[in-house]
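Think of it as A, B, C and D in the order they're written, each chain with its own count starting at 1.
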């Protein structure tokens, strides 16, 4: 078996200059943004990626049909601009596999003419964040001003931070191939799936892409989440008050 | 050393259109059914499969003879229908090994003309089950009606379930090769080897295969198990009663 | 780097029909016997075996010289009989590595004309044993009577026992190549290095080899060990008596 | 992807007869010495080494630029003597990777004409050390007198010590290629980054290299560390005194 297998569903007219990666990670921030964009821009599934570096399992869907775990490549066009999306439910099960898979992603990217990669993720800070910043990293210094102009922050720089997995390696191994790489990481607690952080990330990403996208879906999910958290907090405060009354 | 070594004991007239996998898993349900069927249908050992992805050890048998751990391929004929069985005591020790071994199983299946694979297993629910359902998954949507007609349930669909190891990958990687795959999972506690669940699974499988098989062996083992459990429960209740008397 | 590297110090007249494996294992029983035999029979180092499947480290000797960890092949002649010894301080760090290393050991064995392998080890029983039995396994049924005649026991057969690592695989993979394999396992607590068990194993092995070997070294070490254990037991009993006196 | 990728920034006139390895390890002693020497001798970066055996991540620098983790090769000349330095922030993530990476380091060393390797590290002893000794190991016995003359100690010999990772394997695998190897290990607690131990190691290394190097940087860091430790100790003693006063 090959380490990585890529099945293309179509071969013609699938070039694109931009690739957006939204694989699972902290707070599922990158995945939320990428999945929402594919939906909002009407993305088309163009390839499936399987590998022995993914977990050895299938997912059973709502019809009872089993699907090999893997990643998927979507493509969409907006305002004459073509964008590829790399999404899925898993990353590599081993350290070596992360390198091998990312080289495959970059092979595809090069073949399809990609010149810039946006790697999306979360940046765990250990507490709830009301107005999440979008921390950033680039793989070529000249990209920094563009990210800042779009609302990305570099306050994380100089903290000795690491970016682990596909997001990090797309920048690191991409630079070797001369592909521009920008990593956007939405500030998030790290404890919950975080649509509020995803919503903030989408704003910065939209600015960078120069396209407008509807935020309603992410905002509604963010509000649902915040109401749920507020209810839990109220219940806890009520309980504390009750205990105080009892003591008093 | 090759990743996987297959030693055939005979080469002629070993084609079969059906492969049944019963490797170890939850409640050993699949293994119980497959081992029983091989016994009931008079299966013949046609190949041994060794691999560096199995545990590095030998099993010492009742005569003191050591045998390399591996999987075995049996073949039997019933009513003019030829069936292959993939059984054994171990699965892969690593994630990558599951993929490599399953590709080997599928190579053998293709060589021998297999068109459909039944992957048998257990579905752990965490509590004792009196009338175990047989949860199901298929790798092609058109197979679903046939499974339902035979008594298989798809109530597990839509729960985001995963099927891990050889059972799952035989469906997932089999679909890529155009081989039909049906996974039958007997509901079971997950705590004990479960012949009752195996007995229920055998009913559904017999319907799908269109062959009649004697259930006596599995039913007797199921009754033995249920009597043992009943005795333990009685003893526990007696103890509780005694304690109540003592308190009272 | 190759998976396994074998450096021969001499190439001529190194054939031998017997290989004795004494790598580290339970109670270091096999290692004690093999190291003692090499010493007693005046074995000559004929090859070193290195591999990336051994731990990534060197051992610093008494002169401050660092040596790559690996296994060693010794050869000795006694009464016109040539015997190879496979010894060392480590086994593989991974499951796959056990297979790869054992295939290399068997390649060497075949090249040098080996027709029978004795794999030596311990059999942990969890308590001190006064008269350790030598449990056995063979890779061809016809070898059993010979082992029993030499004093080996097969009381372990039928317990579903496994033999893990090089000892087990030399039998399992050796059988595939038509090389006879006998595993001798000295009963031992499993808690301490056990020269008493090694002494018993040496008796059975000497019978099988048809050579006489001086046991003094192992017997002295066994007596030292037993005296040390006796002292610890006396001290414990004295302490218990003292506590009883105190209470009384 | 290749296991190891070496990118040279220049190809001409980069030969050197000496390689100094200062990768991360106990107390970061080797790394402190190597980094300081590169700085003091004006080393020039001549190559970067990437590998799928390093952790799958990038490091974000102070400018927000992401860099693939890897090791680096520096070169400097002093008094007509050319020295290579192997430094970086990581070692292999797996046992096998240590072997594969070290073979690559030795390939480079051979290509560039290296005849001797100094592997620098720490030797953890579990308590603070005022006057750290420099324990040593060599891969050829004739090197020992030279190390002792330079102030290296062999008191560690005969303790059954192991040297793990790149430092150990550079000696072990280097010896196979006929490259002299000397490992210098600064005695250190093992709990903290230890510039005092590094300072002592630098003295012995300077003697061996026959070059003089300014120690100020390491000495200042050592004094800072010792003052910090002294303050902590004073604070603890004051606290104990206070508690005694309270009791008294």
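Here is the rule we use: contacts are C-beta pairs under 8 Å (C-beta built on N, C-alpha and C of every residue); 3 or more make two chains touch, one makes a residue touch a chain.
Note that the structure is predicted; figures quoted are calculated from it, not measured.
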| item | value |
| --- | --- |
| Rotation, 0 to 180 degrees and nearest 5, that superposes subunit A on copy subunit D via CA atoms | 90 |
| Shared interface numbering between subunit D and subunit C [over half = same, under half = different] | different |
| Intercentroid distance (Cα basis), subunit D paired with subunit C, Å | 38 |
| Interchain centroid distance [CA atoms averaged], subunit A/subunit C, Å | 54 |
| Sites on subunit A at which at least two other chains make contact | none |
| Chain-chain contacts as defined at top | A-B, A-D, B-C, C-D |
| Touch list for subunit A against partner subunit D, complex | 92, 95-96, 98-100, 102-103, 136-141, 144, 154, 156-165, 168-169, 171-173, 175-176, 181, 183 |
| Subunit A partner contacts - residues on subunit D that touch it in the complex | 1, 7, 50, 52-53, 55-69, 93-94 |
